[in-house]
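Letters A, B and C mark the chains in the order given here, with residues in each chain numbered from 1 onward.
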Amino acid sequence: MEAMLEIADVVTAYGKIEALKGVSLSAAKGRITCLLGPNGAGKTTLMMSIAGALKPRQGSIRLEGSELVGLSPARIVGNGVALVPENRLVFPQMSVRENLLAGAYQRNDSGEVTADIERMYARFPRLKERREQLAGTLSGGEQQMLAVARALMSRPRLLLMDEPSLGLAPIVVKEIFGIIAELNREGVTIFLVEQNAHLALQVAHHFYLMEQGRVTFSGNPGELAEDEVIKRAYLGTRRSAG
Amino acid sequence: MIPFIQTTLDGLMVGSSYGLLALGFALIFGVMRRLNLSYGPSIMIGAYLGTLLYIKFGPPTYVVAIVAVAGSVMAGIYVERLCFAPLGVGAGVASMVSSFAIWMQLEQASLLMLPRHSYPFPSLTGGELWSLGPFVVRPDYLIMLAAMLAMSAALTLLLYRTRFGLGLRAIVENSLAASLSGIDVERTMLKAFALASAIGGVAGFLVLSANQQVTAMLGMWATLKGLIAMMIGGLGSIPGAIVGGLALGVIEAHSQNLFGPQVRDLAAYAVLFVLLVLRPGGILGTTAVRRGMGQRGGDRWTTT
Amino acid sequence: MDFYLGLAQIVGVHTLLGLSAYCVLLTGQVSLAQAGFFAIGAYVAAMLTVLAGWHIVPAIAAASFVAGATACAVSFPALRVKGLMLVVATLAFGEAVRLFFFNFDYQVAKGEVKIGPAGGEGFRQIRFFPENGWSTLDVLIFIWLFVALVMAGLWWMDRSRAGAVLRAVGEDEVAAQSAGINVTAVKVAAMTVGGFIAGLGGGIFAHYTAHIEHAQFGVALATFAIAYPILGGLSSVFGTLIAVVFVQGFLIEGLRFLGDWRNLLFGGLILLAMNVRPRGLIDAATIAAVKRMRTSNKEPGNARTQGAE
C-alpha cells in the first residue's frame, strides 16, 4: 500500500520536556488512519508537528516522499496538508463565507474557489443557511463543520483532524463521522486523532495507539479486541513509563 | 457663537493630522496588540531624509514627499524586524522596551543627519488662508482632512475587500488558525507594519508641510499624538482612529481657548485617563475589544 | 574620582526608580506612571527643604508618602483596565503630572532672590546638601543607605508569603482569584509601594542634582523605569541593580566617548540584550545555576550574565 504520510523517529519538545519521544508511523493513501491514546500522550503535539506549528527537534515527516520538517505552516498547507485543529478555532468575528475564503487563502483560481464554496454549501447545508452569519454565533457542531470545510477549501491531499468529536453532542458526532467516511470515499486521505475509540474504529482502516510520546501499538481494527483498545486508549497501560 | 465654531473648526483641522497618525497606529496595534513606541521616530527618519534632500538640492515637493514616505517605511521595517518579529507572543513589555531602544537609535540617526533644532520644510499651499463667510480655514489642513478620509476609506476597502485584508483579519482573530489556513503570518504582519509606516509617513509629510518646518520633537510628538488619538477613539479601529483624532483636536483647541496654551496638553491627557478608566474600549470601542484585552491568555503583557 | 562618585549616585537613584517598577511588574502590571511618582517625590521633597526649611530625612519621608498616596489613589481607577490599556492610562497620568509641574509656579521671595518651582523654568537652587556641608561621599552614602534598605525590604518580601502572592497574581490572575487572593487589593498595594519607592528616589534625586524641571520626568524616564527590571529579569531584585549598572554605567557613561554616535549603539545593545536574554539578564535559570555553584562549587558559573556588567 502506498503511503501518503511517513513519519520517522520524530522528537518534539516543549523546552526540556519531550512530548514526542521518537514517533514513527505512516498513513496510507486514500485511507483513514486513526491515532488513539489517552490525554497527554502527545497526539495534538504530533498533529501540530505535521502541520508545522511546532518544530520537531529530530526526525522526518514526509508527504509522498517530500520532506515537511522545516517548512512554515503556510508552506505545508501549500504542499497539500490541511489540519482541522483541536477546538475547531474558527475565526469568530468573520462570516462563514469569509472563514471559507480564509481556507482558500493560497489559491489563485478565484472562479474555482467560488465553485468550491458552493460545493461546501451543498455538502453542509447548514453552513449555507448561515453563510453571512459570524462564525462565533454558530453551534459547536456547526463550527466543527465549518472548520472541516475551511480545511477542505485548500484542496488538501491529506486531511488531518484533531479530535473532531470534542465537546459535541452524540448525534452531532455521528454526523461528523458520517462526513469523514464520505470524504474518504471521495478519495481524501485522512489522518485522525480521536478519543472516541468506538466510533474511530468503525471508520478507520488502520489505527495506532500512542502512550506517553511513543507509538505502542499498530494494527487494523479487529486485530485487538475493542475493549482492550478502549482500555488502552483511555487509560494507557503505563507499561512504557520512563 | 462664531468664535466657538471657529475654535471647533481649528480643532477639527489639527485633529485631522492626529487622525492620520492614529490610522497607522491603529493598524499596527490592531494586528499585533503591541505598543510601538518607535512609530513617531520612524516617521521622523523619513521626514529628515526628505528635509535633507530639500535643503541640499531643493527638488520638487512631490519628490520630498516620496522620500519621506519611503524613509519611514524603511525605518518601520527595521523596527518590525528587530522589535516585533523575533520576540514571540507573550512578550508585550519586551517589544515595547525594544521599540524604545530603537526610538533612541532613530532619533539619534535623524539628528546626525540634521543637527539643528529646526529646519524649513516645503509647503504645499504657501500657508495661505481661506475665508468662508465669517470663518477662516487653512487649505493645507483641508488637504489633510481629505487625505485622512481617503486613506481610511482605502484602508477599510483593503481590510474587507482584499485577500491581504482577509489574511490580516484572520491573524487578528487567531494567528494559529490563520497559519494553519495557509496564511503566512510573519510576512503578512511585516506588510501591515510597512503599510502603517507609509500612512505615518504621509501624515508626517502633510503635518510638516503645514507647519513649514521640521523640529527634533517630531518623533515624540507623532508617537504620543497618534497613540492618544487611537486610544480615545477605539483600539485598533479605523473609524475610531478618525473620531479619536478629531476629538483630540477639538479638545485641545477648546482647552487652549479656555485656559491658555499651557493647559492644552494637560487637558488631553486628563480626558484620555478618564476615558480609559470609564470606557476602556475608547469612544467606538466594542465590548468584544474589552473582553479580548488583558484577559487570561489573550493579551499577556509581562515576561514572568 | 568625583566622576565615579557621581555615577554611583545616579546608579543608586535609578535603582530606586527601577525597583519601584519591579514591585508593580511582579503583579503583572506595566506602569508608565513611575516617572510621575518620581516627579511628585522630587518636587514635594525639594519644596519642603527649600521653602519650609525641613531637614532632608523628614522631607523625603513626607515626599514618599505623598507619592505613595497618589499612587494608591490613582491605582483604584487605573486598575480597572489591564494590559496595554493600563500602559496607556499610566502613561497619560505620568504625562499629566509632568505637565502639571510644567505649569506649576510657586515662588517665594527670600531676601534678594525668588525661590521655588517656576513652571517651565524648573525648580533651581535645591541646596540642602551644600548648605549643610555634606560632601559628595556623604551624599553617596546617604543614597545607598536607602537603596540598601529598599533592596533588603523587597528581597525579604520576595521570599515571604507576600512575594508569593504578588507573583501568583502576576502569573495568572484568574487562578490567584480562585485561590482566594484579593487581586485588586494586591495590585493596589503593589502600586502604592511602587509609588512610595519612586517618590523616595525622586526626593533624593532633586537634592543631588539641585535643579529639577519637568522635562526630566517624561516618557523616556518612565520607559527607563520599566526597562531596568525587564532587562534585569523579574526573578530577583539584584537583576534590576545589574541592569541599572549596565545601562547607566556601561551604556551611558562607558560609551560617552562615542559622542553623537552613542545612542545608535545604546539602542542596539539594549535590543541585543532583550533578544539574547528575553527573560532578563538574571533569570530563574541563572539563579538556579548560582545556587548549584554555591552548593557544589564545581559547576561553571553563568559567564554570560557576569560578563554583561
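Assume a residue touches a chain if its C-beta (ideal position, glycine included) is under 8 Å from a C-beta of that chain, and two chains touch if they have at least 3 such contacts.
Since the structure is predicted, the reported quantities are computational estimates derived from the model, not experimental observations.
Once CA atoms are averaged chain by chain and compared with the all-protein CA average, the nearest chain turns out to be B.
Using the mean of the Cα atoms as each chain's centre, the chain most removed from chain C is A. The distance from the centre of chain A to the centre of chain C, with each centre set as the mean of the Cα atoms, comes to 51 Å. Centre-to-centre separation between chain A and chain B, using Cα means, comes to 42 Å.
Between the CA-based centres of chain B and chain C the separation comes to 30 Å, rounded to the whole angstrom.
On chain C, the positions that touch chain B within their shared complex are 25-26, 28-30, 77-78, 80-89, 91-93, 95-96, 99-100, 102-103, 119, 167, 170-174, 218-220, 223, 226-227, 230-231, 234, 260-264, 266-268, 270-271, 274-275, 278-280. Against chain A, the residues of chain B that register as touching in their complex are 163, 166-167, 169-170, 173-174, 176-186, 288. The residues of chain B lying in touch with chain C in their complex are 29, 33, 35, 37, 82-83, 86-88, 91-94, 96-98, 100-109, 111-112, 115, 220, 224, 227-228, 231, 235, 262-263, 265-266, 269-270, 272-273, 276-277, 280, 293-296, 299-304.
On chain A, the positions that touch chain B within their shared complex are 51-53, 72-74, 77-78, 82-83, 85, 89-94, 98, 101-103, 105-106, 150-151, 154.
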